[in-house]
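Presented below are the structures under discussion, each in the form of structure tokens.
Below are two complexes that have subunit A in common, paired first with subunit B and then with subunit C.
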Partner chain A sequence: MLDILHEYGLMFLVGTWPVGPLGGFANTLVLAGLGLGLGLSFPLAMLLALARTGSIRWLKMLATVWVYTFRGIPLVMVVFWAYFLLPVMIDTTVPAFATALAAIVVYESAFLAEIVRAGLDGLPKGQMEAARSIGLSYAQAMKSVILPQALLNIIPSLVSQFVSTIKATSIVYIIGVQEITFSAQQINSIEMTRALSVFLVLAAFYFVACLELSQFARWLEARIRARQLRPA
Partner chain B sequence: MPDMIDLQHVNKWYGQYHALNDVTNQVKKGEVVVVCGPSGSGKSTMIRTLNRLEPIQGGRIFVNGEDIHAVGRDINVLRAGIGFVFQQFNLFPHLSARENVMLSPLKVAGMTKAEASELAAGLLEKVGLGHRIDSMPAQLSGGQQQRVAIARALAQKSPLILFDEPTSALDPEMVGEVLSVMKQLAAEGMTMVVVTHEMGFAQEVADRIWFMDAGQILEDSLPAEFFSNPQHPRARKFLSDVLEPRGAATLPY
Partner chain C sequence: MDFQLSFLLSADVLPLLFKGMATTVRLFACAWVLGMLVALLLVGLRAVPWRWLDWLVAVFVEYHRNVPTVVQIMVWYFGMPEILPRDIKLWINRGDTEFLFAMIALALNASAFFAEDIRSGMRTVPHTQLEAARSIGLSAFGALWHVILPQALRISVPPLINRALILFKDTSLAMAIGVVEMTYQTKAIENLTFRSMEVFVAATLFYLVASLVLMALGAWFNQRFPPAHKG
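And then the complex of A and B:
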């Protein structure tokens, strides 16, 4: 196993880059990172959750349909749909990476939106009432009072979802996105007889990434909670 | 004295349930009105319509001359002029006492951080919490939390504060500290509407008592009259229940 890592470490990490496009684990992280927190999925999920907890009827329905649709179908289907539909819809060819990203964003937004919504619903009603009573607008109340509490409470659920997304990105190798599972496939076809070791290394990469993320989240949550209970 | 609050034929339904039934009454500037009545009589509903936490389906409510339920009014501006103190305190748990008090001055009144901080420190001092300014709500007792909530309402610099059972969630030994802050405000001329079962407070501080039952204000009288000679039979029953919870009526024969 170590000799595989030794021999193909670079390929696992960055694919054929810099000769070819960036691939391997780096691309997995880029895909997961863009698709989630920093990128598009989480902001989209926040909007969906606000729409679902808000009082504007048509927005609420739209968000609900979105959530139920994308939560109810497997990610592979979304990836395929994006692969075949996206080029037709916008009438140009779409790079595999962008296709994969779009699929992951819409798929994950549905799950994340439900987590955020649970966080919003989980706060006592009096928090919003008190915030509005002192004259804050809905948006101000959300920003200063509701979201800081709700997001802190849902960090563990968010992390679970992030972790499962990192793993789920592995599926996009089927449309040719060069991430780490794609690299592993390539290495496997070079080596032929060492599939077990190759895929063990692959698993280790995912495992370590998810472990690190969980630990970071725990550290972050502890830090924020400690600050909230700082001795006076 | 002009009216601070003017309720005109206010009607409210929860579905089929008629929660406020043609409520009409006024509170003058500087007055302290204590609202009492049995559970479910509509006290919370009534007080919550005054800053539009609850919508109404009929009638009008003026606070300081402003039509609170008029469509198109900037409700945030109107609400900023009305303090509200909740039974459950509803402090923002992720903010310190000072930050709780600063929020409205910062976000609504547009004060600078320094101004808001100074205002908050002064108000927390006033409610007897000068030494707990930077405490988080979780580190404060119920009585202290409620006093922070009162300071938060005072920070709005409004001439009117509404209290919905401000001492009902408190352990008995903490009721006094909150009531004494409220008495001080009343003495300084704050207009107050207070839903409470604290009849001692009502007797001592209130200018008038409203007795509510079944979504109506059945009785509106001076405390002395109300306690010595309640007019309505239901008010008499209520008083005997509140003042003598284990009175003769409930003793087995």
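And then the complex of A and C:
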């Protein structure tokens, strides 16, 4: 295993970069990071969660259908749809990375929306009522009373979801996105006879990163809980 | 682009679709049963007071929780034949090799989560409950059946159903090693006929309906058996 890591460590980390495009684990993290955070999936999830907890019926129904649909089908199917529909919809060829990113954004938005909704539902009803009764509008109450508390409480779940996203990106190699599983496949076809070592090194990359992040999420959760229990 | 769902009913396509669905369901069922058996074994092993055994189980669980399922499938399919004894390898290769390795990988993956769900249910029932049940004259089995399980299962079953849903969706990852399940078959029919839209709609509906049934089961259980009140 160590000799594989020694020989191909760089390929696992960054793919063929800087000669070729960025690949390897770096690209996995970029894909998961863009897919979940940095302004793509999260705003969509916020809108979905607000629609689901709100009182406008058709919006509520639309958001519910969205969430249940994407929770109910495998990511591979979403990737297939994106691969097939995106070029038709915008009438040009779409690079594999963008296709995978689009699939991950819509897929993760459903799971994130559930997390945000749990955060909103988790607050006592009195918070909204009190905010409204002192004269804030719904939007003002959301912005300055409800969301700051709800979003703080869901930070650990967001980190856990980031772990899930990192793991989920491993399937997009099937449309040719050069992330770390793609690198491993390439290395395996160069090596031919040391498949177990190659794939265990691949597993180790995910293992270390995801375990650290999971423990970080647990630590955050303990801290936030301690903060809530502290007398005001 | 003309959209014809009737195309799916043609004699060339329908058997392929059914074969894909059947394989997906079979893979799910086999992996669930095997995974549950391994999970019960893991829970049992955790109860043994040997520290190294506890540590070993913890490593097993963390490996399966923190490595992508598709990578676990690849480790089994591409890697494990290198170290398996020759006789076992020959025996595996006689049957449906891809299916078997996918099933093992998915089952072990699920078992790690199942074991944690079962454990978290058991932890919610204090030990004194068993002592109290025995002291009013219930047998060990009676105490388990009437007192412990009704409380523990209320906590364990909802996450177990949710995990079954994830396992069901994860069967699609078996396509990576060439198991002819629904997702693989979808791609194959698409390549054969170029009717992407119809095939994707059919496959999506199949997954969606099955998932909704599992979600409904979870919702029903939550309503019928809500967690006991702490008091």
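By our rule, the second predicted complex is superposed on the first by the 213 of 232 C-alpha atoms of A that agree within 3 Å, B and C clash if a C-alpha of one lies under 4 Å from a C-alpha of the other, contacts with A are read in each partner's own complex, and residues count from 1 in each chain.
Here, a residue touches a chain if its C-beta (ideal position, glycine included) is under 8 Å from a C-beta of that chain, and two chains touch if they have at least 3 such contacts.
These figures come from a predicted structure and were not determined experimentally.
Participant: Given the touch rule stated above, what does A:Pro18 touch, subunit B (first), subunit C (second), both, or neither?
Facilitator: So A:Pro18 meets neither subunit B nor subunit C here.
Participant: Is it subunit B or subunit C that touches the larger share of residues in subunit A?
Facilitator: When the residues of subunit A touched by each partner are counted, C comes out ahead.
Participant: Just checking: does A:Pro124 make contact with subunit B only, subunit C only, both, or neither of them? Give me first, second, both or neither.
Facilitator: first
Participant: Looking at the overlay, does A:Phe84 come into contact with subunit B only (first), subunit C only (second), both, or neither?
Facilitator: A:Phe84 contacts subunit C only, not subunit B.
Participant: Under the touch definition given earlier, write down the residues of subunit A that touch subunit B in their complex.
Facilitator: Against subunit B, the touching part of subunit A is residues 124, 126-127, 129-137, 140, 144-145, 148-149, 152, 228-230, 232.
Participant: Note which residues of subunit C are touching subunit A in the complex, please.
Facilitator: Per the stated touch rule, the residues are 1, 62-63, 65-72, 74-75, 78-80, 82-83, 169-170, 172-173, 175-176, 183, 186-187, 196-197, 200, 203-204, 207-208, 211-212, 215.
Participant: If we count contacts the way the header does, which residues on subunit B are in touch with subunit A in the complex?
Facilitator: Listed in rising order, the residues are 51, 53, 76-77, 79-84, 86, 88, 90-94, 96, 103-104, 107-108, 132-136, 138-139, 149, 152-153, 155-156.
Participant: Which of the residues in subunit A end up touching subunit C in this complex?
Facilitator: Contacts found on subunit A: 68-69, 71-77, 80-81, 84, 88, 163, 166-168, 170-171, 174, 181, 184, 188, 194-200, 202-203, 206-207, 210-211, 214.
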